[in-house]
Amino acid sequence: MAKIAFFGLGNMGASMAKNLVKAQFNVTVFDLVGSQVQLLAEAGAIPSSSVKQAVESAEIIISMLPAGKHVESLYFDEDGIVNNISAKSLFIDCSTIESNTAKSIGARLQAHGHRFIDAPVSGGVAGAAAGTLTFIAGGEKVDFDEAQSCLQAMGKNIFHAGGIGAGQVAKICNNMLLAILMAGTSEALQLGIDNGLDPKVMSDILLQSSGRNWTLELYNPCPGVMANVPSSNDYQGGFLVDLMNKDLGLAMGTAANNQSVVPLGQLAKSLFQMHGNAGNGKLDFSSIFNAYKHG
Amino acid sequence: MAKIAFFGLGNMGASMAKNLVKAQFNVTVFDLVGSQVQLLAEAGAIPSSSVKQAVESAEIIISMLPAGKHVESLYFDEDGIVNNISAKSLFIDCSTIESNTAKSIGARLQAHGHRFIDAPVSGGVAGAAAGTLTFIAGGEKVDFDEAQSCLQAMGKNIFHAGGIGAGQVAKICNNMLLAILMAGTSEALQLGIDNGLDPKVMSDILLQSSGRNWTLELYNPCPGVMANVPSSNDYQGGFLVDLMNKDLGLAMGTAANNQSVVPLGQLAKSLFQMHGNAGNGKLDFSSIFNAYKHG
Amino acid sequence: MAKIAFFGLGNMGASMAKNLVKAQFNVTVFDLVGSQVQLLAEAGAIPSSSVKQAVESAEIIISMLPAGKHVESLYFDEDGIVNNISAKSLFIDCSTIESNTAKSIGARLQAHGHRFIDAPVSGGVAGAAAGTLTFIAGGEKVDFDEAQSCLQAMGKNIFHAGGIGAGQVAKICNNMLLAILMAGTSEALQLGIDNGLDPKVMSDILLQSSGRNWTLELYNPCPGVMANVPSSNDYQGGFLVDLMNKDLGLAMGTAANNQSVVPLGQLAKSLFQMHGNAGNGKLDFSSIFNAYKHG
Amino acid sequence: MAKIAFFGLGNMGASMAKNLVKAQFNVTVFDLVGSQVQLLAEAGAIPSSSVKQAVESAEIIISMLPAGKHVESLYFDEDGIVNNISAKSLFIDCSTIESNTAKSIGARLQAHGHRFIDAPVSGGVAGAAAGTLTFIAGGEKVDFDEAQSCLQAMGKNIFHAGGIGAGQVAKICNNMLLAILMAGTSEALQLGIDNGLDPKVMSDILLQSSGRNWTLELYNPCPGVMANVPSSNDYQGGFLVDLMNKDLGLAMGTAANNQSVVPLGQLAKSLFQMHGNAGNGKLDFSSIFNAYKHG
């Protein structure tokens, strides 16, 4: 099995690294927070106390960090990976970052003889723990194939979206569309409710009609229609409004690359942003339903 | 079998009436266009030359007309149905009209001792011909049950949305949501394409992710992704932009009843309206994809 | 001086009628609320206890009511004006109602030999008291000219927008544009503030640049920039969010008449509607500035 | 008089440099296009054949370039200004660039002991030729004061918006608001026209009411209402749709800095972007009026 160096042991990363250990990979871990490194060591990973030590014999680098600048810093700083690794390696970045940053990182790595795929995830903390994440990857087909065994240890659905950066693009297009579906479905349901319809009956009809979409299937935003979704649990847990806003920000940045026209995406961003600004940032994003409520 | 009087033999109505005849109902037909009456007579219906004659022994009235004012006129004018029918009958209006108009029609009919359900359809001319329409009905449960055998002769999925007017509300909520799904999906696909992704690969990924919706499943707006959909046939046929605009107009009217908040629905309406105004009214509504194209 | 019968003695109407009295018109008043009639009697108007009595010798009818249905009822009910007036009179409706309703009222009055102008006002309760209202009138030029002396007793700027109904159209276009100006200006100011600019400096620059508009000139929405505007008085008084929402609803109805495209107007409506639904309906409409605040 | 080195002799820059020469400044010019340098030499400027030569004895640097990356390159490349200038100078960048880039440029210049103000302009090619540009500047007050005599040689209104970067912020807020005013006014005028009103009458009423704004005062978008504006000249000349789209892109980038909420600005951007994509990029931006036309 390939030797992996794993960087970024936050809520998501720690679970992902554990699943690699469980799958019998040889995993060396590093994080700025020592206690997280210790936690992984107890789970069977090899702890390290510096980037340099972590990458000593690594063949595959996996990173899971908050934003593009952190990835750039980890990879290219003087005491970063590229200056301290001996083998020509495959870098797999699972962070959600701007696609242009991913492309630029890929080019810089290639200039040093390394390979790169961007492989952002969806599925949240629960999916990370259960090993059921979705990975949407960008990069050369041969590199994608090489990454498969690692990714399958951490996730269930693994997609190859295209060249480097395509993983970020596809993820962000999906999440922008998801924001539109969630707000649009909330709007349609509340319009029905305002006119006397029962939300459960409405949902059943829409599900069997041309309004059908993922939110109606699995994540109904109206309390009481579905059990075991955030809307029936005071919008706790799930995918936070703040995180949706981060992704919508990335989508707008991606649109700006080519002056793409995204009117519904922009409006969804404003709606979620106002909803977050009104103090709902830590609620599940299906709480946008509340923004349509009607005195 | 109940004796039916059927009014409105346009593209949709003629096919619907034929399917009732095929199902062995006793169907008397009337339309202002005599040649359409003749056509149905050849198909086995009983022709009539006036409203009065058509309803003489009718127990069930079915109407399929362009707008609310036509239904009101047919039902309540001096030479209309109510003044010329003897039995207390069940009126089934399959037209797509304002929900408030449906409610007011229902109340007036009840004042005369009749019963009413509003039962707008979706599925288009093809669905009408094939007898596979979807009916979304509003009215008393007992009346809905009585209408079942007729509706099943003309359609496949028959929903009961609630009281009188609820059929119109549910249909219009569905179609507003559909407009949002179609425009939103077009936007997400084009954003991916602008950033170098293949629309077929993108569509596959979205379909298996949280962006999944009816348009990606059955009606992809990007040419070449799916066979046998309007987008792969120069956006001919299907559900016309002009008709989507009519339905979005009804949705906005329904929202105005209670000052409901429908920002995405409004924006979808503006996008489809501008698209129609630019000369695309007779194309399929998935042609909204073209509005996102990018020089 | 012409004999006037005045109907609708609410906050606005009572002040308007008083100003007519002050201007030496012979004014008979009627309202369903007897105490308001009494109030006007004390101010010098002739009280009446029924519509019939009020119009006995009237040459000019003025009405100031909440909505179109009230005007229709006052004019056309069995015990309404038309059935009880002897002279062929000039009806001046100062209510803000749907332009289509105004047109239909005008046509019905003309059928009875009367004349009609729609003359909705702006300027609010303060303008009504001070006699500085703006009237935007629709109707025949000759009727408009005849109405001038009355209107000038109650207002300062009197516009003739076109034929019957044009007053309503022009007023509603103005108020839709005003909503866009107020929200757009709030958005631009807050964007500057978010980036460290001083709102007073920003406002000065915008005022002398191509962003100049009425709200920056006279009604800055940012607290502290201008004295004596609602924003510097906790958004008390002024033009209520609820009233702006009423007018935006009329604008959307007017747009629906011809499927006009009004994307910014629609979005402004959603923003003001959400703002009102969040409990701000009784604040001045410049409080929309708060919707842009940013944690 | 201060010795000026001027960089960027395009349509705007060439006229600006000429006005400095006319005002008796000692102006050395450089541009990558030699013929433009020659042109300025004929107008009285001192030509130079390299950045190094241009800045030899310069005390004030003025740049007028297309985008932030050009400014960064001119200032900081190995053969750029900073590496080749001896005096501690005042840099005045008149380009329209991202405010964050302006801030970062300012910080880098300060680290080398230089001073910086960002001073983007409005007024277009005509204003540059006539010396009537508007400058909206950001930087220290003392630097702004020092720049005054130069700026006054090129323009008429000179504003100090705040610290470094504030000029860019204020300009972009103004232009975002202008886009909203122009589209909103078009929408209101067309709504009136659709309902039978005369655009000239409408414009007069709006101008004297709360819908008043700069576009109605000076730049009416409806053909025939005003003489000598682009709308009455087939939308030729003026401020191009493509340039408005560039500025709206900068506004969206500025909003993204702090996740500011700019729904109307976003929608205006989509409307202008779609209008440009439909082949209208080289028309004046008031041609957005055509997007509201109605079959």
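List of remarks:
Think of it as A, B, C and D in the order they're written, each chain with its own count starting at 1.
In this section, a residue touches a chain if its C-beta (ideal position, glycine included) is under 8 Å from a C-beta of that chain, and two chains touch if they have at least 3 such contacts.
Since this is a predicted model, take the numbers as computed values, not measurements.
Common partners of chain A and chain D, by the touch rule above, are B, C. With chains reduced to the mean position of their C-alpha atoms, the one farthest from chain B is D. Averaged C-alpha coordinates give centres for chain B and chain D that are 52 Å from one another.
Each chain gets a centre from the mean of its Cα atoms; for chain C and chain D, those two points are 40 Å apart. Residue positions 259, 261-263, 267, 274, 277, 291, 294 of chain B each touch two or more of the other chains. By the touch criterion stated above, chain D contacts chain C in their complex at residues 99, 122, 134, 136, 157, 159-163, 165-166, 169-170, 173-178, 180-181, 183-185, 187-192, 194-198, 201-202, 204-206, 208-215, 217, 219, 251, 254-255, 257-265, 267-268, 271, 291-292, 294. Chain C contributes residues 245, 249, 252-253, 256, 259, 261-263, 266-267, 269-270, 273-274, 277 to its touches with chain B in the complex. Of all residues in chain A, only 267, 274, 276-279, 281, 291, 293-295 touch chain C in the complex they form.
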